[in-house]
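For reference, chains read A, B, C and D in written order, and residue numbers begin at 1 within each chain.
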Amino acid sequence: MTQQSQTAAAEDIVRLVREPIDARATIELLKAPEDGALVVFDGFVRNNFKGKSTLYLEYEAYEPMAYGKMREISAYLRDHLAIDRIAIVHRLGRLEIGETSVLIAVSSAHRAAAFDACRYAIDALKRGVPIWKKEYFVGGAVWAEGEKPGQQAISAPGPSTC
Amino acid sequence: MTQQSQTAAAEDIVRLVREPIDARATIELLKAPEDGALVVFDGFVRNNFKGKSTLYLEYEAYEPMAYGKMREISAYLRDHLAIDRIAIVHRLGRLEIGETSVLIAVSSAHRAAAFDACRYAIDALKRGVPIWKKEYFVGGAVWAEGEKPGQQAISAPGPSTC
Amino acid sequence: MRHMQIRVLFFGQLKEIVGASEERAELSEGARVEDLFERYGRRFPKLAEFRGSIAPSLNQEYSDWRTLLTAGDEVAFLPPVSGG
Amino acid sequence: MRHMQIRVLFFGQLKEIVGASEERAELSEGARVEDLFERYGRRFPKLAEFRGSIAPSLNQEYSDWRTLLTAGDEVAFLPPVSGG
């Protein structure tokens, strides 16, 4: 499943990983000579949530479905925006403060499409990809309040082009 | 002038450089434990322009004024958006295909402000910072068509918050 | 009436309520996604409280509570997501 | 009438037209940014053609063609910018 996911769209990088995300290596795969713009979103673990000090986080996913939805996001953006390549990488397992939980990177010939696609991808991921975060504090842990997921987050409304 | 520019806002990174931009080193300086989001724009040299093959580019700047305007962009964003740190780095001199000409990175607690600030910064830089690009092709060179610059590009209208 | 076997998956806080990430359930033909959920809701009343915030999936696609099940289906009850 | 010395900078294609990136100009008191430009426009007719797309700067701030000059000022004529 994983292998198939990663090669479904030849140049897209869609991955769930349990090791630290190598942002530089991922980004370098996206840059092609005909591109001129790359936009990256790097989401990493904050040291606090609602005034409480975070110790660490744990992420889990419904992996085959998460792969499918991440692939759908990249395919949707490829269909709707003039982008070249896209990477969507999410880490699972235990993450310490400052570690990257999600990396999204988009290359394109011109910057508007890359900005639009990158922002759409992280919004869609947060609302439509089955991944869950548990936050560990001194004295306890809670599953993060999230959003009821659904297909509409993946492929509608159209990517913001503001 | 340069030294002063770089320390005007304690944590901002505003630089004109003649060596390759080290994106990773720049980005790592921006991440603080209380942040959770980083948005990066990496503009690099495309291999073509209007159907012609580019050989290389040369950038020049009115350096003290460019520093001043880049600092104004970062100050303006800090005043208007809930961002933590910002880096605006532009390279000057000769650049080969694929090399980064401009790197803008913004960290924040939440992603919307980082996206808004990063996009505003590159738009403002392209319209308001005195930097010029000369494109070298086989058989000739041209100064890039640009935009008549002005102060309104730096600090108005407000950053897009769409 | 024939019976069908369904694979049922739980994640996040639902997994902790049920105490398992995966179960095999036997249902009669004609059962829908909501029937499967109701069965677990009777066993785990706390699970039933979550129904309004849960999205069901069928074979790794978002589904509807009214969808009919088929032998071999994989159903998951997805609590609010919080990736990113 | 007293004279004042002004530092004048040219960039990009304007630098190539003028053949210099920096000049010292002497103007009479009361001269404005536009007077300085006109002087160069007479010397370099091609420069004058660019006036509509040029933004003048005074002491490293965007300026106005009508602004009065002061001894020691630094003026630049900025053609369309293309950084990024």
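Here, a contact is a pair of C-beta atoms (placed from the backbone, for glycine too) under 8 Å apart; a residue touches a chain by one contact, two chains touch by 3 or more.
The shown structure was predicted, so the numbers you read here are calculated from the model rather than taken from an experiment.
With contact taken as defined at the outset, there is no chain that touches subunit A as well as subunit C. Least step count on the touch graph, subunit B to subunit C: 2. Averaging C-alpha coordinates per chain places the centre of subunit A 24 Å away from that of subunit B. Chain geometry summary: the mean Cα position of subunit C and that of subunit D are 74 Å apart. The geometric centre of subunit A is 50 Å away from that of subunit D, both derived from CA atoms. For subunit A, residues touching at least two other chains, in rising order: 43, 122.
Taken together, the chains touch in the following pairs: A-B, A-C, B-D.
Only residues 43, 59-62, 64-66, 68, 90, 101-102, 122, 125-134, 143-151 of subunit A touch subunit C when the two sit together in their complex.
Those residues of subunit A that touch subunit B in the complex are listed here as 23-24, 27, 31, 33-48, 97-98, 109, 111, 114-115, 118-119, 122, 160, 162.
Within the complex formed with subunit A, the subunit C residues making contact are 9, 11-13, 53-55, 57, 60-62, 76, 78-84.
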